[in-house]
Every structure is written in C-alpha cells, then in structure tokens.
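Okay, got some structures for you below.
Look for chain A in each of the two complexes below; its partner is chain B in the first and chain C in the second.
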Partner chain A sequence: MSDSLVPKETLEKINRNQVSNFALKFHKFARFDGDKFLFFKTDKGKIIFNDVENFNFPSINFNNLCKEISEAAKKLFPTINYVKKLIIDWRLTLGLGSESVYETSINLHPVYGFPYIPGQSIKGVVRSWVILEYFNKDEEKAYQSETFCHLFGCPKESILNKEYQGALVFFDAYPIETPKLKVDVMNPHYQPYYSDKTNTKPPADYYNPNPIFFVTVENTSFQFIIGIKETENNLGKIDNIQGHYFDLGKKFLLEALTQKGVGAKTAVGYGYFK
Partner chain B sequence: MFRIAKPFYFRTISSLHCGSGNDLGMVDLPIQREKHTSFPKVESSSLKGAIREAFENKLEQQKVEFLEIISKNDSSKIGFENINDKKRLKLSFDYSIQLLFGYDEDNLDELIKKEFEEDSEFSGALAFSDARILFFPVRSAKGIFAWITCPYVLNRYVEDLKLCYKDFRLNIPSVDIGQCITYANNKISINNTSVVLEEYRFNEQQNLNIDPILSKFREMNELKERVVVLNDDDFRDFVNQFTEIITRTKIDNLTGTVAQGALFNEEYLPPETIMYFLVFSTPIFQKEEKKKGIFNQNGKKEEELVMEFFVKNLPEVMQLGGNATIGKGIIKINEINQNNDKGGK
Partner chain C sequence: MSFLRTTDQIKIEFAFNCARNASVLGKEYKSYVKKLPMLIKTNGLGAAFAFMYSKRSKEEGKFWNSIGRDIYNWLNYRNMINSDKVRSFDELVFAISQISSVEYRKITSEVLSFLSWLKRFADGLIEGD
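And then the complex of A and B:
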C-alpha cells in the first residue's frame, strides 16, 4: 500500500495494517486519500474503510501497566492513596483539538500509543468542578478558601499570601483493559453561518452538512489514582463539607468524573464515568 | 576527596520534566540537555534535591532504616540521650540527613539546630553526578517501542562505570548511519532485516552483545528484546525530535473554553526512559568525632557507612522534576549491581 506518506524504504518493509503501535499507525502511517488524510470513510452509508475500530493493541499488558502505576503510587504515598476503577458511561474523547494530520485528534500515550487520561486533565477537571460547584464559578473566591488553596495550589494573590503547591497528587489514568475505539461523527449543518464574521449569512437549510469524524473510546474501564502525604492531610472545609483533605479530594474526584466529565464534548454527554 | 563511587539507574514510570526554564523556541519549557551533545540529562542538583526530599519523606512516613549499630545507644553521642526511643531515632535520622546532604535549617527540629549552632558550614558527605541518558524509548512499528542507544553513549557509560569497577571493560561496535544492531530474537525486528522507528527504517544486524552492561539491570530480559544501537547522529536526532511535547491549557471557569494566553508547551522525557548516575561518598565533614553521629564507629570507614546508609534508605520509587501534583516524574531507582549477573525480575 502506498497511501501512507512515510519514506518509501519504510513502506517496502511494513504497511499500515502491520503497525502494532496505535499512535504510530494513526498519526504517522495515516492514510492519504487523494487530497487529505482520513482514518474513516463512508459512501452513501457504506463504510469504505475504518482504520481505527477493531484495533486490539497487541502485546500490551494493560493489567501490568496499571499495576506498575498503582504500586508506584502506593510506594510514594504508603499510608494515604486511593485507587479507583471506573468505566466510561458512554464515550470518551480527549485531545480532540490537538495538532494532527486529520481534522480531529485523540490523546495517545507517547510510548505505548493507547488512549489514556493524563494527570493534568484529571486535576483540571476536579479543580474546575470544585470552583463551579462550591464557589459559584468564581476562581477569585476559591482562592479565598484556605482548603481550596492547600488542595489544588494557589498563586501569591490568595488568602495564603504565598505560592503553594497543591497537596493532592493526581496520577495518569490508564485503561485497565484493551480500550475499545469507536468512530463518531459531529455534523455541523450551518457551517457558513457559524464561521461568518460579518453576521450576514443566515442559518439556512440549503447548506450541505459537513460530517467530521473523530475517535472516541467506549465501554472501557480506567484506573484513577490520587495520593497525599500524611503530613499534609489536614482537616479542611469547603462550603459545608468538612473533612480531611484526602477525603475531600476523593469526594471531589468522584463527583467530577461522574457529574462533570473529562475530555472534550462533555456538554453533549462524552467523558462521564460511572 | 571522594572515596567510594556507586552507580545507580532509574526508569521513568510517568513522563519526566526536569526543566531548564523558559525558552524562545517552539517549546516554552524545554528539558535539561547537555551543552556539548544536546542529549537529555538531569542536572545533579535536581537529582540531589529530589533524593534529599525522598529521604525527608521517609522520615515523615517513619519508614527509616538505620545502620545496625543505632540500637546500641550510639545516637547518644549527639546529645539526644534524654529523649524516648522513637523520637530519638527520628532525630538521629534527620541529623544524619544533614551530615549526608548538607545543612538545611528549614523545618529542622530545634534540638538538631542546637547541635549545629557553632558550625553549620560544612559540606555533605554525598555527591551526585548528573543523570545521563542510557536507553531512550522510541515508538516502533513492530513490538510497540524500542530502547535506543548509541556507541558514544555506551562507551561513555563504560568509562563512567570504571570509576566504580576498575576492571569493567567492553568493546562497543560501531554503527553506520541508517543501520542498527540488535539482539537476536528481539521483539521489534521486521523479517529479521530491519527495524522501523517512528517512520524511519534502519537496516538491522542481529549480532549485538552487550551482556556485561545489560546483566546489571533488573530489566535485562526486556532490554534484550528491545535494545537498538543506532549511529550517534541518528540517536541524537531521536532524543532531540522525539521527546514528548505536552500542550497545557487552562479552561476559563466562566466561559468553559480555553483561557486566553494560558496555552504553553512543555517538553518531557517519556515513560520508559532509562538514565544512570553515580553517587560518591566521603568521610563526614565534622571536626569533632562525636558530631559524626552514627557514622562514627570503630572498625568501619566513615565513607562506607555513609554509602551503606544511603543505599539502605534510598526509596525504590520516588518523584523527580516538575509537575508532581499531576503525577509526573515518577521514577524507579535501582543500584547497577556488579554481581547481579543473573538479571531478570
């Protein structure tokens, strides 16, 4: 197959379907379909090709990788750690807007190439959830809460008058089983209307719909881990909720993952866990 | 002058960012690199700081290991005799940290401060080298990923290890550009003739034998299945262009979209990176014998006790570099063991 735009001498040895690292297959051995890169193509409802689904991540032992992280977490935080396995409620899509040869992207592990949720995404969502739910969307107000500052860290302009690093540690969340990839579609009908800066084009039905495919993960369990140092696990209070920092963190993590969602398109039901 | 040198290595479990500050290039926050080779490194000061912190954490978790002799009331030599056993052990451990890593009075117990009242200007008895790259993970078309290295890195590794083991010797084969050498029966070879790393093909020769190096690693068997020796230039290109770049954003809580001006790129060493470093020990830098605490024993040399104490308490897993609160920089440390010739896990 000569539709991957990688060096010729490479293609003499291997084609797209033989590549075992999904990130490499998806991003580097991308299929060039005449005028653009596509991982999925349909014609009048019939699938022409689908380079994403049914990829079974050969020779990756998800169980072992998860165990390695959770054991490392337990060694770093021997007394206080929390390992929770949660399954995606519907579908998850992460890193949709990252740079890619396609119109959309997906967040993949830099070495193993499977979809995962990096620690920063999890921390960001939990922190944002707390601000949304308990501080009425007001970040400045959150910085006036000592507990909030200790949990998530804060800048100098806060009640602590000092920059702090958060006490809660959020680890990368790996899938605990072979992730099931699913191609999904968003289909904006009025694209000229959306992208019209002059405000003259109406959202009319005579525009052609413009299907944009993106990759999601469904029906897959992930392993979430948080930890905190025993010496930093003080008593705190946010809103009316009192408790040790660790218990608050645990509560907020579960709330955020089940009620706010992680990744892209959470407003339309993606990224929720149960 | 340093009397004992011991080699260690670490393998990254999560991505590692040991930063060198801001940069005007494509990446806002690059990692530390050697000036002359542009290979990734971890500055000895970053390493020492992280290891010291790991030792202090051990103290907090009360999981300290002492040298055998501590139970024989030897800690009384440093003035903690009227304190109960548990507290005394803690104090003695913390006191030892000061002797090994240098004096730092932040959060230090008053009783220890008192001991150093007259003279807190002394050097630590441990020294650290920079952590240097040994095996760097690159995505492979077959077998998920390969651990790449090159003759320059291997030769330097052998030279560095001679500081610890005088008779350590090994001839490293040379490799041409576009070629590579691997072990037979590896996981990454395509038809036993080539290896494809990222989108590049390398012609493969399966006659690698660096057993004297690999046998000292716990991961020996995995390494044999994935090690690829590339030409120095090819190696340099990979460690420069195929590190992990993460785009960080901040979501505006009011609008729910990416906040203006809060987007930046960070460079990381990916998980599965293997680096090595040396640790040196000297006798304790204290004028009075009694100030040397548990390291003052008849029969055994101070530098040996220092190293023994270090090895005993070095945690197997620790955190290094930036962004600890998002789970970055978790590393597994091990000794590079001269006698571990059997290898394996």
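And then the complex of A and C:
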C-alpha cells in the first residue's frame, strides 16, 4: 500500500513531491506512516521526512497578489481604505484545532494553498480586544455603546434596538512574501494525568512524553486591509478615545494585532505582530 | 399514490437504526459522527478511512469501529462495493485506494450523505452534549 491514500489513478499520474499547491499536498496527500498520519518524523535526532518546511510555493507571486487585493479594496472603498504591513513577532499558528487526520492542522487558502488569516478571524480578534480593553470584558456593556455597535454590528438587544451591520470591513490578510513554514512541537509530559477521568493518576515523572507536531508560520509579513464606506464614517467615542470610525478602527486593529495576537496559543507567545 | 420507497427513505431508515444501535455507546459517539464529514472533506475519503482504521485499537476505537461498520453495511446494501472481495470495513480501507476515481467520488458522496443522516439521528436520539 502506498503512503498516500488517494485514488489509484491519481497516484499513477502524480506523486506528493510534484504537488505545487501546499493545501493539496498537506491535506489530500497526507502521508500515512504505517499506523498514523505524519508530516514530520525524526529518528534519534535525524529527520526522516519533513513535508512542510522548505516548501517554496512555486507559481505564486505574493507581491502581485497583495497588490491586486489592495487595489480591489481601493475600488470598493475609494477614499477610506487602509493597508498595513506587519511582520509576525515570532510564530503564528492558525486553525490548529481544525479537523484533520494529523490531529493538528493549519489554516490554508482553499485555492492558492498558502497560510492566510481570514477577515472574520481578524474582525473577531479586534472586536474581542475592544471589549476586553475598553469595556472591561463585558459584552453587554459594549452593546450599550453606540460607537461599538456602529463599528462591529450588534444584535437586537443593544442600545440601537435593532440588528445592525458593522461599518468596518476586514479583508483577508495574505502574506506579502513567501511564507516560511516551520514545524513546532508541544510535548505534554503528563498525558495520562490530563486524560484521567477517575482523578486517581498523579502528574508524575514516570510517564512518557508525548510529542505532538504542528505547523507554524514564522518571520513572514502579512498585509492587513480594512475599509469603511465614506457615508458611514461618522464621529464616535469609545472610552476616552474620540475620532472618526475609520481612525478608531485603524487604532484598534493595530492594538489587537500587536497586543492580543491572532490564532492559537497566543497565551504562550504565538500570533503576535510587530 | 405510489408506495414505492425512494432510496433516500431507505437510507433514512437505515441511518436511524444505526444511530439507535449506537446510542449505547453514549454521548461521546455524537462528537465522532460530527467530526467525520469534515475529515472526509479536508483529507479525502481514503485518508479519513485510514484515520478511523488507525484508531481501531485505541480507546476511541469503539466509536470509529461502530461508524465504520455502519458505513460498510450501508455501502454494501447499496451494492456499491463488491462484498465477495471486501468483507468488512477494515478491508474497505485497503480497497478504497484501488478503485477508479469515478467510483471513489461516488462512494465519497454516498458516505457523506449517509453521515448527514446518521449525524442528525445521533443528535436526536442520544442525550447530553
């Protein structure tokens, strides 16, 4: 049996190393190594295979792609549009918990196959940052602020008394340069203790460590774009900060990306930008 | 009015019985049924089956085995596999990479539609989340 579980005809025409789309290579050509799926394997410190690192995304010109997207955004929001390029502070891991045969996963663009940050993900982080920082973690309190409701939208139970669509528009963030993928590892030492439901196993040192590999992006710049319609760019106020909605959005976006972080494991330093 | 049953109706009844029988496995069963369609969509049917197969002797194996058996029985019922050569889910895992792409796609969509019913009934029949 081959280690790629794709239909026979596919395998006759192409092998894993010929696949130029990383999402297809990573997901559809997952390597079945005897008893489980692996994208990275070492033996006594020597790397046996690494299907992730050194993938150079042939046939994608990241610079042009980002230019196209920012131009498209400018057509949608002619005067009010903001493009910011930021680099990952250390590593970023996004979509870590998505369903996958590897147990860990990474968020990849369905067409191009590179890692990217979806717009809704960025909006979520920014919104959550504003609630955390300016409304004392209280979402209900945030719904009592007209500016917050106008910026991010709100349900019926809010000061606007109607469901409202947020004015700020967040675009997907694409890498500006070839993203550098890096295999990282988490290594729980006390797994029997964590998964013990009877509460009888102590967190002792006689268990075997259990390395779990996951994919991260490091040292890569991303392009963040937000937009707002000119007619909706009113003056507002959150906490002590006054300004046009768009300027508030810009400020919050920068704060959230640099101080809250995107994606998984932000508590241990992943996902911050600078 | 015709009393001829459609394939969908048969499938629904089949899935209902599968979910009812699986309800003895407890509420955890639900999360595994819900996981599988996504797994098939991201990694493909062959990989998803191999994943289930690789778990057969683990603790979560009983859930995967039950789901695998149901899938095998349903495909067998629909005559989509050669039951003389492929006699169990375990054999199906190995057979799946030998079939043509057309068959592969056919089986994939059949499994997904069967799972969508199994998922619904498991949700309804098994209590707790």
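Operating definition for what follows: the second predicted complex is superposed on the first by the 273 of 274 C-alpha atoms of A that agree within 3 Å, B and C clash if a C-alpha of one lies under 4 Å from a C-alpha of the other, contacts with A are read in each partner's own complex, and residues count from 1 in each chain.
As a working rule, contacts are C-beta pairs under 8 Å (C-beta built on N, C-alpha and C of every residue); 3 or more make two chains touch, one makes a residue touch a chain.
Just so we're clear, the structure is a prediction, and the values are computed from it rather than from any experiment.
*Asks:* Which partner does A:Lys137 reach: the first (chain B), the second (chain C), both, or neither?
*Replies:* So A:Lys137 only meets chain B here.
*Asks:* Just to be sure I read the superposition right, which of the two partners does A:Asp35 touch: chain B = first, chain C = second, or both, or neither?
*Replies:* In the superposition, A:Asp35 contacts chain C only.
*Asks:* Of the two partner chains, chain B (first) and chain C (second), which one does A:Gly166 touch, if any: first, second, both, or neither?
*Replies:* First partner only.
*Asks:* Tell me the contact category for A:Tyr207 with respect to chain B and chain C: first, second, both or neither.
*Replies:* neither
*Asks:* Look at A:Trp90 in the shared chain and tell me whether it touches chain B only, chain C only, both, or neither; answer first, second, both or neither.
*Replies:* In the superposition, A:Trp90 touches no partner, neither chain B nor chain C.
*Asks:* A:Ser98 in the overlay: touching chain B, chain C, both, or neither? Say first, second, both or neither.
*Replies:* both
*Asks:* Name the contact category of A:Thr10: first (chain B only), second (chain C only), both, or neither.
*Replies:* In the superposition, A:Thr10 contacts both chain B and chain C.
*Asks:* Of the two partner chains, chain B (first) and chain C (second), which one does A:Tyr190 touch, if any: first, second, both, or neither?
*Replies:* neither
*Asks:* Looking at chain A, which partner touches more of its residues: chain C or chain B?
*Replies:* It is B that touches the greater number of chain A residues.
*Asks:* Is there a shared patch on chain A that both chain B and chain C touch, and which residues make it up?
*Replies:* In chain A, residues 6-7, 9-10, 28, 98-99 are touched by chain B and also by chain C.
*Asks:* Touching chain C in the complex: which residues of chain A?
*Replies:* 1-2, 5-11, 27-28, 30, 32, 35-37, 98-101, 105
*Asks:* Of all residues in chain C, which touch chain A in the complex?
*Replies:* So the residues of chain C in touch with chain A come to 35, 38-39, 42-44, 46-51, 54, 94, 96-101, 104.
*Asks:* Inside the complex, what are the residues of chain A that reach chain B?
*Replies:* For this pair, the touching residues of chain A are 6-7, 9-10, 12-14, 18-21, 23-24, 28-29, 59-60, 68-69, 71-73, 75-76, 78-79, 98-99, 109-113, 118-120, 122-124, 128, 131-132, 137-139, 152-153, 165-172, 225, 229-231, 267.
*Asks:* Quick check: in the complex, which residue numbers of chain B touch chain A?
*Replies:* Residue positions touching the partner: 13-15, 57, 60-61, 63, 137, 139-145, 187, 190-191, 193-194, 196, 198-201, 244, 246-248, 250-251, 253-254, 256, 268, 270-272, 315-319, 323-328, 330, 332.
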